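So, here's a batch of structures to check.
Next come two complexes built around chain A: one with chain B, the other with chain C.
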Partner chain A sequence: MAMVSLAKPDNEKRNARRRPVLSRDFVSILPALLLVLVFFVAPVLALLSRSVTEPVFGLQNYIALLGSSTYLKIFFNTFFVSVLVTVISLVIGFPVAWTLAIMPQRWAMVVFAIVLLSMWTNLLARTYAWMVLLQRTGVINKTLMGMGVIDQPLTMVNNLIGVTIGMTYIMLPFIVIPLYGVIRKIDPAILQAAALCGATRFQSLRLVLLPLAAPGMIAGALMVFVMSLGYFVTPSLLGGTANMMLAELIAQFVQSLVNWGMGGAAALVLLVVTLSLYALQLRLFGLAGGERT
Partner chain B sequence: MLLNFNSLGIWKWALLTITVLTAAFLLMPILFIAALSFGSSQWLIFPPPSWTLKWYGALLSDPRWLEAAWTSFRIALIVTFFSVLIGLVASFGLVRGRFMGRSTLRALFMTPMILPVVVLAVALYAFFLRIGLNGTTTGFVIAHLIVALPFSILALTGALEGFDKSIEDAAVLCGASPLRAKLQITLPCISHGLFSAAIFSFLTSWDEVVLAIFMASPTLQTLPVKIWATLRQDLTPVIAAASTLLIIVTVLLMLIAAAVKKGLKA
Partner chain C sequence: MTPFLQITGIAKQYGPVMAVKDVNLTVDHGEFMTFLGPSGSGKSTTLYILAGFEQPTRGDILLNGKTILDTPSHKRNIGMVFQRYTLFPHLSVGENIAFPLKVRGWSKAAITERVRQMLSLVRLEGFEDRKPVAMSGGQQQRVALARALAYDPPVLLMDEPLSALDKKLREEIQHEIRRIHQQTEVTILYVTHDQEEALRLSDRIAVFSKGVIDQIGTGQQLYNDPSTRFVAEFIGDSNFIDTDVVSVNGRFARLALANGAVIDGVPTHGTDFRQGRASLLLRPERIDLRLGKSEGVLPGAVREITFLGNHVQVSVDTQLAAPVDVRLPFGHAALGGLAPGLDVSLDFKIAETHAFQLEDRVPAS
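And then the complex of A and B:
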C-alpha cells in the first residue's frame, strides 16, 4: 500500500501532508482500534510470551512439546485430519460447484439454499446430529447392517473417522461457494473453442477447466485447511479424548492442567502455521482471496 | 463443451448425481434432528416408534434452558448494538480517511476472523481472570464483539464504498450539518450494509461456542454452552428439540435477509 500512496497524483499528496496527524477520520477508527489492541492483540501476545517465561525463562516448553511422542501424535492427528478433510471437500466440492454454475437457475437456487442452510445451522446442532447418526446403534450402522453390507456395527465415533466426516460436512460449503463464483466467471467460449479444436471432454476438463478453476481450488483448499487445523468443537465431541487435536490440547493445557507455559507454546505453534498459510494465500491471490481470480 | 449443461452427455448425469447426493448429505442431519426432536424414543431410535412433544415440554419448562437462551439473546443484542456502532464509525474512517497505514489497519481488523478462535479464547480467559471479568456479561460481550466486529466492518466498508459521497456533500451544500447529512442521507442509503452487519453480528454471538465455553461460569452460560455441557454427558433428545428451535431461528433470519435483499433490488 505504501507503494500505491507514493504513486498518487501530486496535489493529493500535498493535501494529505497538510492534514493533521490525528485527522477526524483517524479518530473515528480509535474505538475499534482500542478494542482490538486491548482485548485481542495484547492478550494474545501476553499468552504467547508466557510460553517462554513460565515456569522459568527459556525454551523448555517448546522442547517438551516437540520432544514428546504424545504431543507429536496430536500434531500428526491434526495435520492428517486437516489434509483428509481438505482433499475430500475438494473432490466433492469441485463437481458440485461446477454443476451449480451451469445447471438451470431454479434448481441451482434450491441446492444453494441447502448449502447455505447447512452452513448457517448452529455448529453444535450439526455436530450433535453426526454424533447420533454415527453411533453404534445409529441410523447409518442400522441401515448398512439391514442391507447386509456389514455384520458388525462400524465404530465411527470417538475416532478420527467421525471427526473427518463431521468436519467435511462443515467445510464443504467453504469450498463450494467460492469455487462456484470462480467457475461462473470462466467464459464458456473458451471450452467451446477447446471442443471445436477436437479436444475430448476429458482433455477439456484436464487441460482447460481444471487449470482455469485451479486458483479458486487452491484458495478454498488453503482456507479449509487452516480452519481445520484450529478446529475445536467438532474434534472434541466426535473424536473423544484418545484422538485429540491441537486446539483441544491448547484448551486442555489451560483448563485442566493450568499449565500456561505449555498452552502458550501450543498456541504459538498453531498461530505460526495459520499465519504463514494465510501469508501464502495473500501472496498468491491478494486480499480478495479466490473470488477475484 | 463442459460449461453448457445440455451438451454434457453422460457427464451431465454423473455431475447431477454427485450434486444431488451432496445436497442430501448436507440436508440429512438437519432433517434428522428435526424428526428426532418429535420422536418418543429416549434412545433416539429412528424412525421413532411414536411422535411426541415431550422433549419440547422438558426444554421449555426447565428454567436453566430458558435462562441460557435469555442470556444468549441479551448478549447477542448488546454485541450487535456495539458491533454495528463501532463498525460504522470505523468504516467511515477506513473508507474516507487518507492517513497512512489504512490498509494495514483494515487487515488488523480482519485478523480475529482468521485467527483460530481457541487461541483468542485462551488468551482472553487469562486476561479476564486477571482483571476479574470472567463469568460476567461484560466479559462475554467483549469476547463476542472481537469476533463480530470484522463482519460489521466488512459489510459496512463495502456498503460505504458503493455509496456516492457527492450526495452527502450536496446535502451539506444545501445547508444540512455534516452529522445531519450522514444521519438522514448516508445511513438510509447504506441500510442494507447496516442490516447485514447487524444480522452477522447477532448470529456470530448467538451461535458462538468456543469463546463462550471459556467465558462461562456456573451461574452465567449461553445456550451453546448449555448444549455443550449437556452433550458431554449424554445425547438426550432434549438437545434435538433445542437444536430444532435454533435451526428455526436461523431459517427465519435467512428468509428475512433474503427478503430484504430482494426488496432492495426491486
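And then the complex of A and C:
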C-alpha cells in the first residue's frame, strides 16, 4: 500500500510535465498538418465528392461502375494481376531474402545496395528498359531465337506476361526487405536444432522456417498487393487493353472522357479496398508490420 | 568388444586455423563425459562435428564400431541441447517435445504419451500448452532437454547449456541433469568451461587445450595427478613457482627454489625439462602455515588475509618471485594470531606437488 501511495504523485508529476510538451509538439507540427490538409486531403475529398454529385446528386456513378461487365472485368483483372504479382514476388522473394540473411554481412550489403539503387532509379526508365528487353525484337527474344529455343518471337509486352514481369520486378524489394528483417532474427541454432531433431531440409522449411517467417511474408505480401492494386505506370506501358487495371481506368475517365464523377467513384472503390486491407494488416501485425508478436 | 563411441584423430581446419588438431577419445555407453576447456580450445568444434554441423578435416567418429561421418545431422539420431535457447518459438512446450516424434512419423497417441513422459522426466507437468517465451531460461533448457531425449537418442550432446543462467539456477539444473542422466542412462557429452560444473556432473572429464585433449580422467585424477601445467591450472587453484632443475631421476626431480631451498622427489610425469627450468605446482589448500620463523621450506611474511566464508586465503611474501597463496580452512589453528606482516613458515608434502615445463610464453598460433 505504501508503495502505491508513494508512486502515485510521482506518476502525476510525470504526466503533468509531459502534457505541455505534447501540446507544444502539436503546435510545431501544425504547419505541416495544414499543408497536408489543404494540398492533399482536401483535393482527394473534393474528387471523391464529385463521384456523388456529378452529373447530378446520387449514386448513379457507382451503379454504372458496379453494374457494367466491362468495368467489373477491370476490377477482376486488377485483383488478378495484383494476386499474381504478390504470389510470384513471394516465391522469388523468399529465397532471395533467405540467401541475403545467411550470406556474409558484407556481401549482403552489396546486394542490398544494388536492390536499393534499382529502387531509386526512375520508375519510367526501368519500365521502358523492360519494354526494350521484352519486345518482339528485344534482347530476350533474339537470344532465345539465336539459341534455337524458339522459332517465332514470344509476345511478352502489351499483355499479362509483360505486366506481371514488370510489376514483380518493381515490387520485389518490398517483399525482400521485410522478409530479410524477419529471417535474420531467426537464430540459425534453431534450424540446427530442427535438423538434429530429425527434420529433413524440407520439414525444417515447412515446420520451422516458414511459420517463423510468416509475419514478414504477410506484411510484405499485403504491402505489395495494396501497391499493385493502384499501380499505373507499369500496366499502362507493358500491359495491353485487354488487361487494363483500375488505375488506368481512372486515368481514362479523368483524362480522355473528362468524367470526374466516374473517376471519383472508381477512385473511392480503390481507396476503400486499399484501406480495408491496410486495416487488416494493422489488426494482424500492428504498426510495426514486420515485427514478430 | 568394440567401444561404444570412439573419436579417432579428429582434426578441423578453418582456413589457416587449426581449431581441432588431434582429438582421440573413447566413451563408454551410459557415461557422462565432459569436454572442459577455455573458449577456442576446440571442445565445441568437436561437439559440432559429432552433431554433423561440421565435417572434420581428418579423423573418424565411430558409434558402435560404425562411422557416423557420412550420415547427415537429421539422420544421426543424436540429441542436442544448445547454449542458446533453441525451442521453436511458434510452438508450445508440448509441440516442441513432439516435434522430433512428428517428423519421425509417430502416431498421435504414441506422441501424446511420450510428451507426457518427457514432461514428467524434466518435472514440467502442466506446462504443455505454454509458449517458450512465457518460461524462464532454466525451464526452457529443461524443455530443450526433454525434446532432445524424446526419441531415445544413443548420445546426448550438451553445448554449455547453462551458461546463460545465474549461479543458483545453474546448480539446480545441474542436479536435474545428473538425475536425468541416472534415470535414462543416456550417454552424455557435455561441453563447458566451468571446472566446478565439470566436476559436479561428470564421470570423466576431457581437458581441451589448443585443439587437443591434454588429459582424460575423473575429476579426482585430474586434480591429484594433472599431466600438464594447463590441466593443473584449469582444475582447482594453483601456485606456480619457477625452479631450477638440479637432477631428474626417473619420474621424480630434484628442484632448487629461488630462496636456496632444495626439494627432492617431485613427481614429473616424465616431463622433459627445457633449459633446466621447471614450474612447481603448489595447491593453496595443500600448504600448511605455521606462525613464526622455523626451518620450514618456505619462510615468509603475511601480505594479505582475505576472508572467503568457509575458508581464509592468506597471501604470503616469500623470497620467491611472486607471493604464494595459502588456503586455510575455517577454524585453522594459525588463524587466531594471524596478521599482515607477521612471520610465518609454509610447509607442504612433496608427494602432493608436481613439476611441469615452464609455461610456453609464445602464444599458440
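Convention: the second predicted complex is superposed on the first by the 263 of 293 C-alpha atoms of A that agree within 3 Å, B and C clash if a C-alpha of one lies under 4 Å from a C-alpha of the other, contacts with A are read in each partner's own complex, and residues count from 1 in each chain.
We adopt the following convention: a contact is a pair of C-beta atoms (placed from the backbone, for glycine too) under 8 Å apart; a residue touches a chain by one contact, two chains touch by 3 or more.
Remember, predicted model here, so these are calculated numbers, not experimental data.
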Margin query: Just to be sure I read the superposition right, which of the two partners does A:158 touch: chain B = first, chain C = second, or both, or neither?
Written below: neither
Next item on the list: Check whether A:234 is in contact with chain B, with chain C, with both or with neither, and answer first, second, both or neither.
Entry: neither
Check: Is A:207 contacted by the first partner chain B, the second partner chain C, both or neither?
Finding: second
Check: After superposition on the shared chain, which partner residues are touched by A:198: those of chain B (first), chain C (second), both, or neither?
Finding: second
Next item on the list: Decide which partner touches more residues of chain A, taking chain B and chain C as the two options.
Entry: B
Check: Where does A:82 make contact in the superposed view: on chain B (first), on chain C (second), on both, or on neither?
Finding: neither
Next item on the list: Look at A:61 in the shared chain and tell me whether it touches chain B only, chain C only, both, or neither; answer first, second, both or neither.
Entry: neither
Check: Counting only touches as set out at the top, which of chain B and chain C does A:259 meet: first, second, both, neither?
Finding: neither
Note to self: Just to be sure I follow: which residues of chain A are touched by chain B in one complex and then by chain C in the other one?
What the structure shows: 192, 194-195, 201, 208
Notebook entry, point to check: Of all residues in chain A, which touch chain C in the complex?
Noted result: 187, 189-190, 192-201, 203, 207-208, 211-212, 292
Notebook entry, point to check: Can you name the residues of chain B that touch chain A in the complex?
Noted result: 1-5, 8-9, 11, 14-16, 18-19, 22-23, 25-30, 32-33, 36, 43-46, 86-87, 89-90, 92-94, 96-105, 107-109, 111-112, 114-127, 142-143, 145-146, 149, 153, 203, 207, 209-210, 214, 224, 227-228, 231-232, 235, 239-240, 242-244, 246-247, 250-251, 253-254
Margin query: Which stretch or stretches of chain A touch chain B in the complex?
Written below: 1, 5, 12, 15-16, 19, 21, 23, 25-29, 31-33, 35-36, 39-44, 46-47, 50, 92, 95-96, 98-104, 110-111, 114-118, 120-133, 135, 137-139, 142, 169, 172-173, 183, 186, 188, 191-192, 194-195, 201, 204-205, 208-209, 226, 229-233, 237, 247, 250-251, 254-255, 260, 263, 267, 270-271, 274, 278, 287
Checklist line | Of chain C, residues touching chain A in the complex | finding: 51-53, 72-80, 82-84, 86, 88-90, 99-100, 102-104, 144, 147-148, 151
